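These notes concern the structure reproduced below.
Order of writing sets the labels: A, B, C and D. Residues in every chain begin at 1.
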Amino acid sequence: MNPLEQKKFAPVGHKRWAIAEGYIPKTSHGPEPEMTSHESICVLNVSDEETHLQIWIFYSDREPVGPYKVSVGARRTKHIRFNYFKEPEPIPRGTDFASIIESDVPIVVQHTRLDSRQSENALISTIAFADAESVM
Amino acid sequence: MNPLEQKKFAPVGHKRWAIAEGYIPKTSHGPEPEMTSHESICVLNVSDEETHLQIWIFYSDREPVGPYKVSVGARRTKHIRFNYFKEPEPIPRGTDFASIIESDVPIVVQHTRLDSRQSENALISTIAFADAESVM
Amino acid sequence: MNPLEQKKFAPVGHKRWAIAEGYIPKTSHGPEPEMTSHESICVLNVSDEETHLQIWIFYSDREPVGPYKVSVGARRTKHIRFNYFKEPEPIPRGTDFASIIESDVPIVVQHTRLDSRQSENALISTIAFADAESVM
Amino acid sequence: MNPLEQKKFAPVGHKRWAIAEGYIPKTSHGPEPEMTSHESICVLNVSDEETHLQIWIFYSDREPVGPYKVSVGARRTKHIRFNYFKEPEPIPRGTDFASIIESDVPIVVQHTRLDSRQSENALISTIAFADAESVM
């Protein structure tokens, strides 16, 4: 339908992003997995290269944990739920955290939470903080 | 009442914007179309020229689709619902996506979602990510 | 308690801001005025001068209306509800709009909506878009 | 598990941030303290130095109050509730305010509110406004 093979997208975004807010609620209401309380990062990679993300989780009372490794294909988006992180260790529920996301190529990162602790869900979303002078 | 014809607005915004989060819920509660679950982009064009937007939708598992074409008049705002996109193809419900918005003139883009999957609605909104060095 | 008279705050913010999203819901639930559906801009002026804001409202189908005039004192915040705008004319309910805020001195602007159309309220908030090269 | 002792994080963020919106609701629904209405700032300090924050609260009708002093450890995040501020004085409930956050080292600040005035909670979150040319 569209000659998408030829379309090249100019780079957009940054290689390093920070999210100061993080919290996976302990409880949920509504059908799983759609309405399960979750904290996620949405990544957009418009480049022609797959990127390999390295994510670090910061806590209030112990050293940062990471890197969590996630790939995002060329010209793809990925919505990554912190709930699903396993290696090097799962993120505990009901605990404050923050995160740093590092990428091989410029990406755009948006932070979203679905909170269904009470019977109706609440949502937050914000573009993450872009580190303009990323040195990785 | 106001001699609005004479008022010239200094340009504001950028020519290229990215939104990493996108999702049109499958279900809604409440009166249509006001309370129908939707994902939208609000565009402000303060310039004295109509602008022709080209919007590209990125997916997690296939090539980007576009351009979707939308015009925004001189000194006008337009709130565009992704739900209504038809050409080149509608955006499937219940699917993660991301978007790139390109404009002839500087604009400001804000991303908003109304989620009425559960009986009370939830809202998110954030200024989109501005590509400061847009090459289109 | 604090010798606040002496404290000088370094300037912060910009002189021109844009909000692409705007909508005052037609209906509300809950006690007035606290839970009345509203759209507001929160302004922070850390400077030692009162600032005189000029706000312009943009519509989808007619010319912009303004300026709406609001003052914010030195070292003060003001949370301004679009609902209360009267001169040159009230903003109609249930209508899409956008806004430009111009200030004499650098300010910070945040956009917030309380939507109580359904029985539980929903909230959005985002820092507005700052025009870095404001020419007023 | 990870040799976290060795990992050095490049600096990210700014030394001065502003939040124009602030409001601690008077009432709450749901189990305390998790579902208590609150207004908070999430701070991420990736540096190898503890930072000492100085926070100033601005009001609509009186002089700013501060500094409120909070420390955030090296490589730590802290989610700070305005509700808990005591010195120099508590922030009154049901009152509009704004804030300035100053730090010794670059940090990232995100603003979040949980509003549980009605029976279902609403959430907002946005990256705060970064003062790029901080002079402290």
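We take it that a residue touches a chain if its C-beta (ideal position, glycine included) is under 8 Å from a C-beta of that chain, and two chains touch if they have at least 3 such contacts.
Just so we're clear, the structure is a prediction, and the values are computed from it rather than from any experiment.
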Farthest chain (mean CA position) relative to subunit D: B
Same or different for subunit A and subunit D, where same means more than half of the interface numbers show up on both copies? different
Mind checking the centre-to-centre distance between subunit B and subunit D? Centres are C-alpha means, answer in whole Å. 30
Centre to centre, by mean C-alpha position, how many angstrom separate subunit A and subunit B? 21
Multi-chain contact residues (two or more partners), subunit C: 119-120, 122-127
Which residues of subunit C touch subunit D in the complex? 1-2, 4-5, 7, 9-10, 12-13, 30, 34-35, 42-44, 46, 75-79, 107-110, 112, 116, 119-127, 130
Subunit A partner contacts - residues on subunit B that touch it in the complex: 16, 18-23, 56, 58-61, 63-66, 88-89, 96-98, 100, 111, 113, 115, 117-120, 122-129, 131, 134-136
